[in-house]
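Structures given as structure tokens follow.
After this come two complexes, each holding subunit A, first together with subunit B and then together with subunit C.
On to the complex of A and B.
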């Protein structure tokens, strides 16, 4: 291997590279919020007694879970304007794509989490005379929160990782900047390693925060 | 003669083509205890669940004290939920709530008691079940016998006219069984609760129950005073069944 290392470039351009984090965050954060809320609504539609809502919910999940994120992103950014005349900025297109994909994934996380609650919990609550709304509020949601959390954290991590595909529509986030500097200085190893470190640090700090949330659980299932 | 406190008339239930319960009827007086036994799949649990209003049935009328409940109508069936209490085989406590919260949730939300009133009654029940010092514990911190005692207290907190137990000791080891059966015996004496217990504990049936019933394929095979039922059953089927349990 005759590649001479020069990590000095990370000292010179490290802050420019890490500055791309701002874009990673302003894309990932809103997408995570939308996915978490919309995923919950979709999961509720899945459980709805109304057939129309169930079909709408499951069709949404089927479409956006199967559509590759790259295809979805490029379609939103380049095809949607042709169809509607509405053209979005690269950042807006990215948030839209990651939210749509993320909410389909989040819906499945919620469904899995709710299924983890044994049916006997509902029966016991119903037997005590509690209303359906009270069962949801006092029995299902408090338990479902914790049973959903690990899977939901995975969805959030996937959303953050998927921010890197926005490089394709020139959002100047970390990966895009690494590519840009590589073209200029021809230091792919140093720069892409730098980009990897930035993303790992971002996602690790996120998972540490989510783990704190999991620690709030004082009980164990019996 | 006065009307019996509890009477069930013509309870029938089917799952598809299979008839689970066939025209089951009986009466119990206030404060009396009835034991139901029978082979697995005979419909014992389903019978309790129907009396608790958890299952749709094709016909059946339940009179509980002054209250007349048509179990076959989905609307009125739900009234049975509050008039009767059911203690499950696997306790089914709410794992995310402390013992105190388990005992006060339904009284507050359904009976609309104020928090202080619900707590006071819960404390009384905890004393009755001998767990006054565990009110802040979560179910996972309790033993199986303690969990079942809390589940009994949770049902009692709703002041049911009829308290039912679905094999309350079958998930417990012998020592813990006695802990729970002792409590049920105590309830009969001090709280004067009317009870139906599905169990195969013959000793308990003999000493505590007033009435006993053998159910098979959804029909009553034999039904009579517990003393006769356990010592000199008339039906050959009951004789065989009891013998099998004793020899087990």
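On to the complex of A and C.
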């Protein structure tokens, strides 16, 4: 291929490109928190003995897990104001879309982790005289949390990577800035490589932090 | 943001039953607030954020500044993408699109265009080692012509290239890279951007089409159809500035051909 690389542009405009990281962080981390908490609630609904809660939980997961994030984002940012008059900023629309999608994925991660705990443990705890709350506190949640963590980390990484989709509604994050600079300097390969380096650094740091959290496990699953 | 989230949740609870927003008097609001919200998308030489200063620069930015200077109306520029321009206008995110959007009958079904203030033609960008010299050379079996989907160049390519295959891409970077790596024979785009691209990239060369082998497009501002008073206001500004030779002056300042202001001679 006849292409002369000029990575010098990353030295010239790398700080502008990396400045987009702030937007990636303020979108990704609130979305991760909302998705983690909402996913837990949805998993509880999914596993509830009440049919109505199960139906509500599974419907939410089916809708938001299957809906492409791009479509969700465009709907929230452009269609919602037309329908309701409620206009969210690009950052707010992005957090909402990524939280909705992420919570559906997190729910499935929790469900898998909780269902992996053999029912015999619950029965054994019950026969030892533990209350329902104590069973949850001492048996189910500690094991469920740590066995869910690797799958949950995957969901979180997916959310961080999905931040690049917000370029569609012009959130000035790293990918948007790479596009902006490409229009001016015609160096797409160099600038997108720069954007990739920034995202890889962010995701690697996050993964390392999550691994440290995994090491805190006190209860090995049986 | 929390209040907005609560509002959103309430709306969803009521089943999104709200009726469409009634059109506000955009022009009245602009006059009373003395502020117009302008949607712009990056375009080299026309609208671009200077990475060092963070300020917008370019021919269109100078035009917007001139308008604010003459009318006293402050302009707030909202940076977006080309694909989000019309959707944002319809959703009320900005009052007007001022980024050199080409008026086409297809787009006119969605937004109201002002009079044209500038003009561009279509030219091709090929690899330096390409033997092609004209549009006819490019229109050959086995050739792929790269375009950005949804642009006027895309429509032009479909109309004129009956032997070559027209391949559309979502952004210019990808389309130009197709040419660089030899997957496409040419990239078809507007005359100004392609001229600048050819100057910037030594691997590429420009093919300008003969006058009867290209197509001219006007550059316009766009507003919602209900904002006819704003349209009138912008048209008055454009006509007055054309008579004052403002767009020729801008073309000279930004090192662009004089035809940008005059169109085909």
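Before moving on, here are some points about what is shown:
As a working rule, the second predicted complex is superposed on the first by the 217 of 222 C-alpha atoms of A that agree within 3 Å, B and C clash if a C-alpha of one lies under 4 Å from a C-alpha of the other, contacts with A are read in each partner's own complex, and residues count from 1 in each chain.
To be clear about the criterion, a residue touches a chain if its C-beta (ideal position, glycine included) is under 8 Å from a C-beta of that chain, and two chains touch if they have at least 3 such contacts.
Everything numeric in this text was worked out from a predicted model, so none of it was measured.
Within the superposed three-chain model, A:142 lies in touch with subunit B and out of touch with subunit C [touch as defined at top]. In the superposed model, A:127 lies in contact with subunit B only, and not with subunit C.
Contact with subunit C, but none with subunit B, is seen for A:84 once the two complexes are overlaid on the shared chain. If you count the residues of subunit A touched by subunit B and by subunit C, you find the higher number for C. Once the two complexes are laid over each other on the shared chain, residue contacts for A:115 go to neither subunit B nor subunit C. In the superposition on chain A, A:181 contacts subunit C only, with no contact to subunit B. Overlaid on A, the two complexes show subunit B and subunit C touching no common residue of subunit A. Note for the complex: subunit B touches subunit A at residues 52, 54, 81-82, 85-86, 88, 90-97, 105-106, 109-110, 138-140, 147, 154-155, 158. Partner subunit A is touched in their complex by these residues of subunit C: 1, 4-5, 7-8, 11, 16, 18, 20-21, 42-44, 48-49, 51-52, 78-81, 83-84, 87-88, 90-93, 127-129, 171-174, 176-177, 180-182, 196-197, 200-203. Taken together, the subunit A residues at the contact with subunit B in this complex read 120-121, 123-131, 134, 138-139, 142-143, 146, 217-222. The part of subunit A that touches subunit C in the complex is made up of residues 1-4, 13, 16, 74, 77-88, 92, 96, 167-170, 172, 176-177, 179-186, 188-189, 192.
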